[in-house]
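Note sheet for the following structure.
The first chain written gets the first letter, and so on, giving A, B, C and D; residue counts start at 1 in each chain.
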C-alpha cells in the first residue's frame, strides 16, 4: 500500500499516520524521494481500513500495490534512486565504472592495480577477500589479510571499496572496510544474510542469481529494503542457459525490464556474465547502450597469473581503451 | 588422491600414513566403507611424492582422482553409502519414504498428519519450522514454536524429523530436534552453512539448486564431506527451464547420472519438482523406477487450507494409495 | 467450439449442423470417439451465433474451448485416442514398445536386428533411411536404398515400420513403406510438412522440439488434426537445458501434463532423451511408471560400430532384459 | 581442409588442384576473398594424401580445419564477408538497418510504411507474406497477394525486399520478388530447405533457432555454403530460457562470439528477441554497441491494429528517433 502525502505535510501528520499503520500490525516506510512525500506500507495491508487512512490529515491518495514486490517498485517510488559513493552518483546519468581484480592476491598486486585505475579516473575498486567457490579445494581468498590490504589501499590511494560478504559471521569485520557490500549470485536468496545487510547503513550491490527471474531479484532486494536499507544496487551477471560458448548468458534484456519496474540502479558485470576477456569490451558497451547505470569489471595487472578468473579479466591497457569508448557513448545514450 | 590398503592393515600403519600426508599439508580422510580399507586425500596433493606413499607398509595402490569432487565420488568409495535413521537404511534397497506437510502450522495439524502417516508405516516426518520464501511478506514458518511442536511429535508419536536449516544462527537450536538437517535449494551454494553442517554429526539432506548442474551438487556435497560429515543424502527437486506447465522441471535423469558418479544416496522431491499435486504420484513412481533411494513428499491433512504449498500437497488418502503402489514397484526395480 | 450431440443423432442432423458451420466460414470436425457424438469447430468461431446452433436438432450442448489448441484437447474429446498398428493398440493400457537402430546401415544389419526383436515379441521397428543431421558432413542415411531394405524387412519378417520423413519431397516415397511417419524434433514446427502429413491417412509420431513447451507440441499436433488426420502419437525426447551430464534433459513431467490436457497417446524416446545407453533402461522404466503409452528405443546389434548414435543404443541383450522388466511394471501402473 | 595458394596462381593451377580433390571424392570450394587465394575442401578429407596436394604448383600451405563447421569458419576465410544489397554493404562498417512490419496486411499499409521508411533513408524493407505461426488458427499472411504488394512496393518505391520463405513449395515464387530470403528460427534446422536455398544465387538471412547453440547456427549456415551460396547473413533473435519478463532472451553475447568464429555478417532482431516495443530501442543500441552488422526491426504505422506482433512493433516516429541515435553510435563503435 502506498500513501501519497501533499507537499505541505508536517512531521506530526506523518507520525500520526505511521502510528495508525502500526496499530494494524503493518510497517510504515517513509519513501526517501525528493519530489514527492509518501509512505509505503508492508505487512498484512488487507486488514487496513483504507477509508480511515484516506481521511487523515495531509493524505492525498491511497494506492494498492499489486506487484509481489513493493518498496523496490516504481509504483512506490517514481523517481530514480541515487546512491552516493564518494563523488559518484550511482543511478544518475553519470555512468559509474567499478573495476579491479577478482581477488586480492597480494599487497603488491592490489596496490599496483588500484594505483593505475586511480590514474585513469576510477574511484571505486572491486576485489574479493572472502571468495565463495564451487569447489572446496579452490582458492578461497586471502580473508582477513586481504581485507587488511583493501583497508590500506583505501586509505593510501583513496579508493572506495566494493567487496563480497558471503556470510553473517564475517559481516561486521568486512563492513569496517567496505564502502559497498557485494552479495554474490549464489547468495541472492540467502534471506538471513539479506535481512542482516538490510539493517546496515551501507550500499549493497546485489547480484542476480543464475536461475533468478527478474522478479526473484526484485523480491530479494525487497528483503533488504524491508529492513530499512534503501541503498541497493542491482547487478546483472548472467544466467544459466543451454548455450556453452559463453560461461553464462549475460541477459542485457533485464536492464530495460528492471528500469521500468524499479527505481533502483542496475549495474552489469560483463566479466562473470561472459567468462572470456575478449567478450568483456563489446558487452560492456552494449550494457551502457541499453541503459545500465554502471559496470563492475574485472581488471588485472597480469591476468595469466591471476589466482582466480584470469581468463575473464581485462588487462589494464585494454580496460583503459574500453573506458575511453564508454565515455564517448554515455552522452549519446542519455541524451 | 586415493590410497588403497590391504585388508590386514593395522591401526598403526594407518596412523603413519596419515601423519605423512599431513606433513605435505594435505588432509587424510579414512573412507568409511565395509569392504575395502582406504584413505582419501584432499588438498594440494600434487605436492605429495607418490612413490614415498606407495612404499609404505600396507599400501596396495595409490590412485589420482581426476574429477573435481573427490570424497563424494565412486572412485574414492565404490560401495554405496548407507545412512541409518532409526530402522531405515537409506541408500540400501529398502526404499525410504519421507512425508509430511510443507510447514508446521499448528500443534493439531502436525499431530494429525504425523499420527496418520505413522499408522501407514512412515517413520520419518518432514515439516518446516523456518521457511525461506521468495517474498519477505510470505509466511516464514512458526519458527521456535514450530520446532517445539516437532519435538513433541518426535517424542509422543515416535517419528524421526527432517526439517530445514536456513542459516547458521538457528543451526544449533534446530539440531537439537532434527534427526536430519535439510539444506534447501536456495542454500545449496551457501558454503559457510555447508561447512558448518559438515562439522555436525547428523545426516544432511542436500537439495539441488535450481541452476545447479549435477557436478555443482556433488561439489556442494564435497564441502560437507570435506569437514568430516559423510552422511549426506542428495535430493533432486527440479531445475529451472523454459517449460511453464510445471513449476520446475524435475530432472529424473540426474538419478542414474548420480548413481554412477557417487556413492551417496539420492532422493527425489516430486512435490517441489512439479508444483502440482496431480503430478506428484506419477513422478514419484517414475523416481523409484529409475533408481532413486527414496522420496520426500508433501502430504497435508487439508491441502486447500495449507499456509504454504497447498497446491502441491497430496491428501493423506492419495498418499496412502501412492505408497501402496510404491511398495509393489520397489522389488521389481531392485531385482 | 464443441457441439455435443445426443446419442440418437442421425446422419442427416449431423450434415445440417456441418452445413451451418461452413456457412459461417468455420470448419466442422466429427470427433472420432466411441462414447459420445460430437462436432468440433475451428476457424473464426466468434462469428457463430451460438443460439442458432443450440436450437438445432440433436444438439445437447455448445461449449467454447478456451485453450489455443482445440482438436487435440481433452475438452474436445474426453476419451483416450487409440491408434491401431497391426495388433498394437497405441493409447490403450497395452504399453507398446517400438525398437530398432537409429539408421538402416545395411541389409544384414537391419535384418539381423529386426529378426531378433521379432523373436522377443516386438512388432514395430524403428530405423531411419533419411536422417536429418546437424552437420552437412555427417552420415545422412542410406536414403532410397534404406527404404528398400525396410520394405523387405516389413514383408519378410512381418514388422511394422516407423521411419522419419524430413521433407515434403520424400513424403510420398516414404509413405509407401512406412506404417507410421515420424516427424523429428527439428521439424516439429515445420508447418508445411505438418499440413501435408495431416492430409495422409497414416499414423504420425510427432516428436517434441528441443525448445518446445508442451503447449507448442500440442499446437503442432493441432496442425495435423486440423487437416483431418487424427492419428497422432506425441513423443517426448528431451529438451535443452543448462545440464550437460545428459545430452538432452528428458522431461518426463510432460507425460502426466499431456495426459491431462490431451486425448492423444504420448510416447517417450529415452535414447535421444538422455544420449547415453546406460541411462536408457532406468529412464525407460521411469517413463512407463509415470504413464507413458509406449517407448521408442534405439537398439543395435553392434553399438560400437553404429554409423550414428551408437553411444545411446542398447545392445539386443540389454534391451531384452529391459523389456522383461517393463512387462512386470506395466500391470502395476495401470492397475 | 584449407589449401592456401600464392598470389600469382593462375586459373590452370586452380583447376588442377580442384580436379585432384574431386578424384578423392571431396568437394573443392573457391573461397571468395579479396586478399588471399584459397580452396576449401569438404567431404571425406581424411582420405586425401596431404603431401600430394602440398607439392602441387601454387600451393603455399595445407591446413586441417578442426571445427565441425568449415566453410563458415574464420579459419577458412579470415576476412569479413561483404554482401551487397543495392548500395548497402552488409558486413562492412556501414551498419545496415532493415525495417518494416511483421506482415504485409494490405496494399495501403505496406505502401505507407515503406514510403515513410524510404524517406528516413531505409532501403531494405522486411515484411512477411507467408507467416509460420505456432497455432494453425492464427493469421498466416496474405500469401500470393502479399507477395504481389511487395513486388509493387519494390518497383514503385525502390525498396529491396526481405521476406520469409517457409517451405520449398513457395521458394521459387518468393525468389522472384525477394532480394533476401529469410529462413525463420523454426526452420533453422529444416535441412532440405537449407540445401535448396544453398543452390539459389540470392542472399539468405538465417535466424538462430530458439534452442540453437551458436555452433548449431553455424552448422546450419554451413549447409547453405556447402551448396555454393556464400551470401549468408546470420541473425540472432533470442533463445528460450526460464526468464518470462521478455518473450525470448535476446542473446547479444552471440555477436562477439560469432564475429570471432565466422566471417559471415551477423544481424540482430530486437523485436522478436524481446517481444515488447519498449525494449526494442535499448536492445537495438546494445546490439550495435557489441558489434552487430545490422538490425532487422519491426516497424508499423499502427501497431495497435497490427494483425501480428503489434506489441513488439515500433511506431514510425519511435523508429526514426532510434535510427538517428544509431547513426551517432556507429562511428564510435567502429572507430
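Things to note:
The criterion applied here is as follows: contacts are C-beta pairs under 8 Å (C-beta built on N, C-alpha and C of every residue); 3 or more make two chains touch, one makes a residue touch a chain.
Bear in mind that the values here come from a model prediction, so they are computed numbers and not experimental data.
Shared contact partners of chain A and chain B comprise C, D. Looking at C-D alongside A-C, one finds more C-beta pairs in contact between the chains of C-D. Each chain gets a centre from the mean of its Cα atoms; for chain A and chain D, those two points are 38 Å apart.
Mean C-alpha position of chain C lies 34 Å from that of chain D. Chain A and chain C have Cα centroids separated by 50 Å. Shown for chain C are the residues in touch with two or more other chains, namely 211, 239-242, 244. Of all residues in chain C, only 42-43, 68-70, 132-137, 166-169, 186-187, 189-193, 209-211, 216, 219-220, 222-223, 226, 239-240 touch chain D in the complex they form. Within the complex formed with chain C, the chain A residues making contact are 240-242, 244. Only residues 211, 213-215, 239, 241-246, 249-257, 260, 273-274, 278-279, 282-283, 285-291, 325, 328-329, 332-333, 335 of chain B touch chain C when the two sit together in their complex.
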